[in-house]
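What follows is a set of structures to go through.
Here chain A shows up in two complexes: once beside chain B, once beside chain C.
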Partner chain A sequence: MTRFSANRLTPYLFAAPAALVMLLALFYPIGYMIWGSFRAWDPSQSITETEFVGLANYARLLADPAFHESFWVTLVFAFSVVSVEMVLGVSLALLLDRKIRGMSLLRTLFILPMMIAPVVVGLVWRYMFHQSYGTINRMLEAVGLPKVDWLGQNPLLSVIIADVWQWTPFIFILSLAALQSLPRSALEAARIDGATTMQQIWHIKLPLMAPVLIVTLLLRLIDAFKVLEVILVLTGGGPGLQTEILALRIARTAREFRELGEAAAMSNMLLMLLMVLTLGMFAFTRWQEARARRLRFTKEEEG
Partner chain B sequence: MSHPNHERQNFGFYILIAMLIFMSIGPVGILLINSLKLDVNITSGAGGLLFMPTIRNYETALCDLLWYKPDHLRFCRIRFGGAFINSLIIALISTALTLIMGTMAAYALVRFRFMGRDSMSLSTLAVRMIPPAVLLVPVFGLWNNTFCIGRTTLLGEFIRDTFGGRGDICLAGTHSGIILIYVAMNLPFVIWILQSFIVQVPYSLEEAARVDGAGPFQTFFMVVLPLIKPGLAAAAIFTFRIAWNEYLLASALADRTTMTVPILIVNNASEFDGLGTIFATGMLLAVPPILFTLFASRQIITGMTAGAVKG
Partner chain C sequence: MPPIRLEGLVKRYGAVEVLHGIDLDMAEHEFTVLVGPSGCGKSTTLRMIAGLEDISAGEIWMGERAVSNLDPKDRDIAMVFQDYALYPHMNVAKNMSFSLRLQKRPKAEIDRKVRDVAEMLGLSPFLDRKPGELSGGQRQRVAMGRALCRDASTFLFDEPLSNLDAKLRGQMRAELALMRQSVKKNMIYVTHDQIEAMTLADRIVVMHGGHIQQQGTPTELFRNPANKFVAGFLGAPPMNFLDAILVSQGGDLMAQGKGFALRLPPALAARATKLAYKQVTLGLRPSDLEYVPDAPEGAGLNLKVIVSEYVGAQSVLICDCGDARVTVEIKSETPIALGETLRFAVRPEGLHLFDPKTEVAI
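For the complex of A and B:
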């Protein structure tokens, strides 16, 4: 009898520590944030002393031009980095998918940018973008081109370049893995039928890679909405609001403007946006798995 | 492609590869080189690669750990050593805790059917992508006001008598406070990635262990854990990387004594003098991730691809 109940308890014993920590420090805070987004909340108050204001925080945000600009900057940033990185990463993978010596060393070097702290990435790029002594301007000067005021005149472009540098390898490595696990038979058949390299890429490789590419794209898109430190160090959100993405605006609303209720409302909006993307990704993989199962099933029926 | 057995590629291909390598490690090289230069040489650009390397910046950064007093310093301003130790404590402990709890939970989700299993696996999935910025406001509020031990309670009085201080004892400003949020933040990812590794462990092995009289915990530690070492390594590196590099939540929770390195870099990055010192600090912060990359790139790639393939 005791042995039986011990067995019954086993899964709970295994799951309990993680479940407790996540309930306490993840789900409770999220609920707290949603609750706080309906209240006028000042950092010096504890939340029980605050006043319920209904949707006032959300209404204020929707009418706030600074929030609009920040939302727009976030979308522009996220979609441009993801599209540039996808194009670059996938084409590099297609180019480098060959039997060459030292490929693993190459991949190792490519991971490096992703592993380094975003704060440090921001630091280095701020130096490289510096108007007078920055590496990039010095290179431009050396080949006779005019200097560019990167962080002053083209802040969003600079931020995008830094992010593309850091995260293109992510796409590259995932697409390379996808390429190398493609069925050899399909490629072989195409080659025997005389398909050109471009035809092979467009009609065979890319369609077969599509499931992994879509998941990669969604993963990267979700991550692009989380970027904060690189931009914080590089431009601090400025000049003006030109690079103030939502994550940065939340931090500033909470710290500088001391409007916790409004910051909570903004966090809630960002969270919902990301939740939609995550669930979309989840639905896509489920659909993909179901389709694969169905295909296998029909194949077995026929064979 | 016409000679599939040949590895020889044309010249342009090698130029492309050389350019890619240059682009991916160039900025890291700049970080290293500038950390070894004097401030005047960084801004003037004199010499380029030809310069006399100096460890002066590192001496300035680590002045609170050095056993001697560097000649060029009158006063130890950037206390990098203390921050480095804080970062190390926080990253190591939170990685260890996340791994232990995460593996156990992943094991439960894969191997057992129990009430609440589906809701647990769904909710972990939903919060996997939660950005630190979203947690900033509630964590700041809760850690400062709710997660406290009242100063009038027995334990609160004891802590106050031992460590000093006024008011309630709260999680904010302590190492444990930062560790707690890092563990919670990383758990969903670790649980999800380890599930794909645990699924691959043949169930017959576990059954054999059970027949030999091992309990569920023994089976878990002696049979399952050794078999998922690659997954554990990948999960450990990803967790450590986030805990080691994170700035925003740490900056909201840390006080002067628990400050981590990223906070110190952001606080000092805007100052004009000490460019070399801040590069040295950045280099020191980058060393552990660089080492991981060089020695465990295979595990990192495994972890990354497992993540995308499983979705």
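For the complex of A and C:
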């Protein structure tokens, strides 16, 4: 081997162990899943004993109203939590981007929910939502409002509230970081140009934060599609199928209905949906980098 | 275009006072330059006039209006920032028209205004470009254009040229000088560069340590600096300072030091004789020395040339005088050799004396 080619190989050699782990821990299960999705597969069978059924699992899913329901619930859940979290998180960041005493303590308090294990979040909220001795209903009662049957009558709303509570801080800290890195002088120029606080937010701050906000939004969306623990603990998917998001349905299909093939097909569909989102995010960052490169290039050209 | 008046302006950050009562009157349409080394409070003063910094004490008047409690937008000002502070997500036209669009002016009027200003600044081909796609000089122009579009009565400049390279800076300085002939506005300009101050200003305000050291026209300040700081700050190469003692010699007052004895001109001598002390600091500008081999006793001094810096038509000589260094500016064609001791004549009006303790001019 010449010295030249050895030098060129070095980075690949360094990456090799990680690539090997990826291959074993990621691509092998995914491949297994894809292969399994084409077979009629009961958990008692090993995969070699299963029968190849082609696209039958997928066809059955597409015709299955329960799957449709679950898919719809997932979409509603993901898009509502992310929209509410974005609005709340960004607004909080805009409000708290200032120098006041005890700000760092406040910020730490604000991001606490994010640090709690999801199962615990689920348990806490199940208690808070409880019909008769839950904190929320007791508070409603104390101010003279009627009790609400949170988990029975408004299950989707309840899980959305819990998720918003847990994940708004994520958007908040990223937005705050974005806000604090904005060029101060551009904001001062806007003040001199006569922009009110709202106009500064609308015309200067938000457009300049947009790159960070878009990546944050896509990250949260990807995450929201995979949510499981909080809902499992809070409602277990019920009542009926009202909060049965895809991740939960996949677990039930595999364990209760003993249809590993169908569960694998469902996982694949979720995976493809997430892939589209991820590719969207990559496309966005690539576009941004290309733009930054172009700008740098023009700058160098003109000195 | 109301004249601007600062009255006992004080700025404190916590317990630290950085501006100690600035009083300043600016006439209508005057180009005022605040100049001083970094940390002297000039930018803070400008930002207080703009309304970007709170005022700890004192008052700012624009005509008959006290403005210290007004928002920047209500002060009728436009500002050009050191880093241009353009809005990166808007193109040049949008940047320049931002304030007009906020005021909801008619579109035709905005378009006309932007076109006119772009024409004047040579920005017409770039109206669709984003700031990131412009060179430093072009961005600087956009920043100016944005201020011009606003039609405010007062323009504030915060070191607008310091991010440009030397050649471009000279060019933009000339353009600014040209622009101020056609734009009749109050202009307040902050810089640490004394050349910008000298070339642009109607009135220079030299600041140091949160105080105004002296204010006046460039010529006044250059000819009659009020103290050693102003004398040393304005003019390049800077003024030479030598320790000297005042001695009477045959009816004349002489400033005598190691390696020189110079006769004071009558007016200066009259002021100097009244002093209670004899120890003074003598100031000599490099341009007030001239190579005259037969300069008479008391009107010249002998200097040993140790370095010669050729800068084109002029050369700057660094010379030994006793145990001090003296710089001299001479025409490059003057025949000199390193290591030689030469005789230089001093222009009598080029002699400055300072109190060595208070540094105030005598």
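The definition used in the following text is that the second predicted complex is superposed on the first by the 284 of 303 C-alpha atoms of A that agree within 3 Å, B and C clash if a C-alpha of one lies under 4 Å from a C-alpha of the other, contacts with A are read in each partner's own complex, and residues count from 1 in each chain.
We take it that a contact is a pair of C-beta atoms (placed from the backbone, for glycine too) under 8 Å apart; a residue touches a chain by one contact, two chains touch by 3 or more.
Note that the structure is predicted; figures quoted are calculated from it, not measured.
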{"item": "Chain C versus chain B on the shared chain A, clash or fit after superposition", "value": "fit"}
{"item": "Touched partner set for A:L75, first chain B, second chain C, both or neither", "value": "neither"}
{"item": "C-alpha centroid angle, chain C to chain B via chain A, nearest 10°", "value": "100"}
{"item": "Partner chain(s) touched by A:L109 [first = chain B, second = chain C, both, neither]", "value": "first"}
{"item": "Touched partner set for A:M22, first chain B, second chain C, both or neither", "value": "first"}
{"item": "First, second, both or neither for A:A190, with chain B first and chain C second", "value": "second"}
{"item": "Winner by number of chain A residues touched, once chain B and chain C are compared", "value": "B"}
{"item": "Touched partner set for A:L140, first chain B, second chain C, both or neither", "value": "neither"}
{"item": "Chain B versus chain C as contact partner of A:W165, first or second or both or neither", "value": "first"}
{"item": "Which of chain B and chain C A:H203 touches, first, second, both or neither", "value": "second"}
{"item": "Contacts of A:L92 with chain B and chain C, given as first, second, both or neither", "value": "first"}
{"item": "Closest approach of chain C to chain B (Cα atoms, Å)", "value": "5"}
{"item": "Chain A - residues contacting chain C, complex", "value": "183, 185-186, 188-195, 199, 203-204, 207-208, 210, 295, 298-299, 302-303"}
{"item": "Complex contact set, residues of chain B against chain A", "value": "1, 7, 9, 13, 16-17, 20-21, 23-25, 27-28, 30-31, 34, 42-45, 100-102, 104-105, 107-109, 111-114, 116-117, 120, 123-142, 145-146, 180-181, 183-185, 187-188, 191, 216, 220, 241, 244-245, 247-248, 252, 262, 265-266, 269-270, 275, 278-279, 282, 285-286, 289-290, 292-294, 297-298, 300-301, 304-305, 307-311"}
{"item": "Complex interface listing, chain A residues touching chain B", "value": "7, 10-12, 14-15, 17-19, 21-22, 24-30, 32-33, 36, 41, 43, 46-47, 92, 95-96, 98-101, 104, 106-113, 115-128, 132-133, 135, 138, 165, 169-170, 173-174, 177, 197, 212, 215-216, 219, 222, 225-226, 228-229, 232-233, 236, 246-248, 250-251, 254-255, 260, 263-264, 267-268, 270-271, 274-275, 277-279, 281-282, 284-285, 288"}
{"item": "Chain C residues within the chain A interface of the complex", "value": "50-52, 71-73, 77-79, 81-89, 98-99, 102-103, 130, 132-136, 138, 146, 150"}
